[in-house]
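Labels A, B and C are assigned to the chains in the order they are written; within every chain, residues are numbered from 1.
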Amino acid sequence: MLVTLFGVAVVVFVVIRVAPGDPIAMMLPPGASDADIARLRALYGLDKTLVQQFFIWLAGVLHGDFGTSISLRQDVLGLVFNRLPATLELATVALLMAIAIGVTAAILGARSRGTAVEAGIDIASGATLSIPDFLWGLVLILLFGVLIPVFDISGRVSPQLDLPFVTQFYLVESILRLRFDLIWDLLKHMLMPAVALALPLAAIIAQLLKQSLKEVLDLDYVVLARVKGFSETQVILREALKNAALPTLTLVGVQFTFLIGGTVIVERLFSYEGLGNMAIDAVINRDLPLIQGIVLVFALLFVLVNLAVDMMYALLNPRLRHG
Amino acid sequence: MDEARTSRRGLSPRLWLAGGWLILALAAATFAPLIAPQDPLAQDLMLERLPPFWLDGAESGYWLGTDSLGRDLLSRLIFGGRIAFIVAFAAATSACLIGSALGLIAGYFGGWADRFISRIVDIWMAFPPVLFAILLVAVLGTGLSSVIIAIAVIDWTRFCRVIRAEAMSQARMDYVESARIAGYGRIGIMLREVLPNVLPSVVALLSLEMGIAVIVEAILSFVNLSISTDDPTWGSIIAEGRLSIHQAWWVLVFPLITLILTVLSFSQFGEGLKARFDPVLR
Amino acid sequence: MSACLEIRSLSALLPNGQRVLRSVSLAVQPGEVRALVGESGAGKTMIGKALLGVLPKSVRIIEGEMLIEGEELSRLDAKARRTLIGARTALIPQDPLTALNRSRRIGPQMTDRLVRILGWSGERADKRIRQLLDEVQFRDPQRVLKCYPHELSGGMRQRVLIAAAFAAEPRLIVADEPTTALDVTVQKQILRLIAELQRDHGTAILFVTHDLGVVAKISQKVSVLYAGKVVEEADTAALFAAPQHPYTRALIAATPRYTDPYASLKPVDETVLAGLTAEIAAADKAWRPAHG
């Protein structure tokens, strides 16, 4: 795991340093003297060899120092922490929506297996799955931003609002403060990017979970539950769902990392002020320290998601839990 | 058995529909100079934001309307298809070749080669792919080849994982051992035994990957990092449409429909081929 | 007083049009154990499943009636039927290894019917289950309730399932080959337990089995099933003393005796089977569905 993170760091570092463009040249006004350029290069450590630069940077990272953003002239860690909560809230809302939609569709499909309802769910999830979040975002912008303008299509929160927040977790904080006006405003901005991110994942959950539900529903203990007098919906919810969820869970973990990766472009699309949006600006501005910091944080998120999935798997599986 | 039959029966129309759209789009792109009604680059401020043909104020000859610079939308879409298809074929094929080769090596030789390649795959999977693509193109400089290289460099892992798993299960089989004792080339045997088994999945994946490549190209154009800004691409039209969404919705709607149909067709076409050639389903 | 269970000329089809049940009629009187014996594939499990409403969706019932304590099942709506089956019947399944949910503790799996379907209080249900676990000879019922299925052996799980079946005092229990999946040594114990509980609780049992040895031990009445058709019906003692149908005779001759395990066994006579098959084929041809 640490090896993976280290590998990510190396790859980003190497990729960025072989870039032909010179970030320093972009910072200085035209006609800056060679001495000025050299001084600035030294300031950002760009005059040392690649290996030296890498280890200086790595040593800093281990001490919590990710360097200073070239384009924004601020501490990278501070910038990242400033934007990360917005992305985390978006991804979490999207995940919850994907689970809600996907599980509902899977239960509905498994309940009415062999009927037109199941066929309909199959077709819908197949098509939903094939269309990536970027296109879903555009479709949603057209439908609910232009055709029926019910949601906001850009930003994280309405700019005219007075924000009482002390952290960047706006949604969490407004829920804790019971500020329903702010919750509503945040959700109005967040809903469409979240749906765009959620739909492909929801389709995957629907397909996988329905398949394993159908397998579980033929097992003896489910038959026994029906004989006890439980209805098909009760049987699915009480007996089948937990066991069927286990094989789905592992794949959903991987897919959730894809969802997090998708925030980059979806945030851009909806001008949502998250980490991904800042990352694209950083790339365009050739802001090396910022790019490194952001990519590393994304990689860390991916690794943590996988870890969380492993832990949940163990938690849900009594066989593992009791050795 | 029963399921395979029904799925194949339901499959033929989707194979036809998907293939039909792809052929149509590919033909339009190939013969773009012949069929495009206008010059895709010609700006005319007198003709800016013309609506599509069925609305009031439309000009004949500008079937799908024009953008804010007065460029013909239909012609731009047709020419944009050229870049989309070039990127799709070139990037997907390169990703497939790199991934298959590495997957075969990892799966067949095992040991440190497998550990090394699998580790690289792990690292690659820890990158947000879109950000990685944007970063690569920014580093390589915009242009067609950069886009293709970026997509291939990022997406080879999909192929690698599938081929590796298959090669591993094949390498354990007895006949590989006996073929080796008989003095046949190991790689040759592997290729002969692995390829038929993975071909359906690889073909499906390849088709899917073409759709993904089209999307990634559109995303790169959207953030203004793909080809030079003059050449029309589906992504750059979408970016333009996103900006003028309240004044001229058609500039976003038509490229979006084109993209969705193309991506859906690529994935459904791949699935269709897979179902047709899969020895297990057949 | 009406029979505990009555099945009248039940017929069912597989999706390929093959008949799996052919006008099956049988009755179980209150408090009686009726064995339903036949080879695998004869349709005996199908009868139990049809009765409990858990037939695979592909199997279609084309005629016949099933009555539980005089109530015709097909006249009830789905919910009423479920409740009736849940309240008055129970199932002892074939394979105790797969019949318990591996991700739930034993306790809730045993009490859920009492609490959720019959509306008992949790306390009362717990007490009842502990009492039943005691009856099936668990030394520490309290501990069993907290276990997950994989912590119990196959025999223990079957005892749990037997206890759960008797817990709600059903009028009828369908025992679907309850000893087949178990070790021979455990089989005897399980059989004895079922017989004991049946006697103490006065529950009627439809005992599905392929084993005539088991039939002799546990049942008062027997129905012999061949190719989805009841070919003979008799008191158990009478059946063994004087089997009437050639298939029954052949089946008895093919069963090992515990008293003389080395006596030569005769496989079921081919000519008997051929005759039966021809007879059934002829009946199939002449048969017309009552409706549809």
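Note that a contact is a pair of C-beta atoms (placed from the backbone, for glycine too) under 8 Å apart; a residue touches a chain by one contact, two chains touch by 3 or more.
Only a predicted model underlies this, so the values are computations on that prediction, with no experimental measurement involved.
**Student:** Which label fits the chain touch graph of this model best, line, ring, star, complete or other?
**Tutor:** Drawn as a graph, the chains make an open path, so a line.
**Student:** Which chains are joined by the largest number of contacting C-beta pairs?
**Tutor:** A-B
**Student:** If you average the CA coordinates per chain, which chain's centre is most distant from that of subunit B?
**Tutor:** The most remote chain is C.
**Student:** Taking each chain's centre as the average of its Cα atoms, which chain lies closest to the overall Cα centroid?
**Tutor:** A
**Student:** I'd like to verify one number: the distance from the centre of subunit B to the centre of subunit C, where each centre is the average of its C-alpha atoms, in whole angstrom.
**Tutor:** Centres of subunit B and subunit C (C-alpha means) sit 58 Å apart.
**Student:** How many angstrom lie between the CA centroids of subunit A and subunit B, rounded to a whole number?
**Tutor:** Distance between chain centres: 23 Å.
**Student:** What whole-Å value do you get for the distance between subunit A and subunit C if each is reduced to the mean of its CA atoms?
**Tutor:** Centres of subunit A and subunit C (C-alpha means) sit 53 Å apart.
**Student:** Touching at least two other chains at once: which residues of subunit A meet that condition?
**Tutor:** none
**Student:** Within their complex, state which residues of subunit A touch subunit B.
**Tutor:** Listed in rising order, the residues are 3-5, 7-8, 11-12, 15-16, 18-20, 126-127, 129-132, 134-135, 138-139, 141-142, 145-146, 257-258, 260-265, 268-269, 276, 279-280, 283-284, 286, 291, 294-295, 298-299, 302-303.
**Student:** Please give the residue numbers of subunit A that touch subunit C in the complex, ascending.
**Tutor:** So the residues of subunit A touching subunit C come out as 113-114, 219-221, 223-231, 234, 238-239, 242-243, 316-319, 322.
**Student:** Inside the complex, what are the residues of subunit B that reach subunit A?
**Tutor:** On the subunit B side, the touching residues are 119-120, 122-123, 125-132, 134-136, 138-139, 141, 211-212, 215, 218-219, 222-225, 238, 242, 245-246, 249, 252-253, 256, 259-260, 263-264, 267-268.
**Student:** Using the touch definition from the top, list the residues of subunit C that touch subunit A in their complex.
**Tutor:** It comes out as residues 49, 52-54, 57, 79, 82-83, 85-87, 89-91, 93-95, 98-104, 109, 112-113, 116-117, 148, 150-151, 161.
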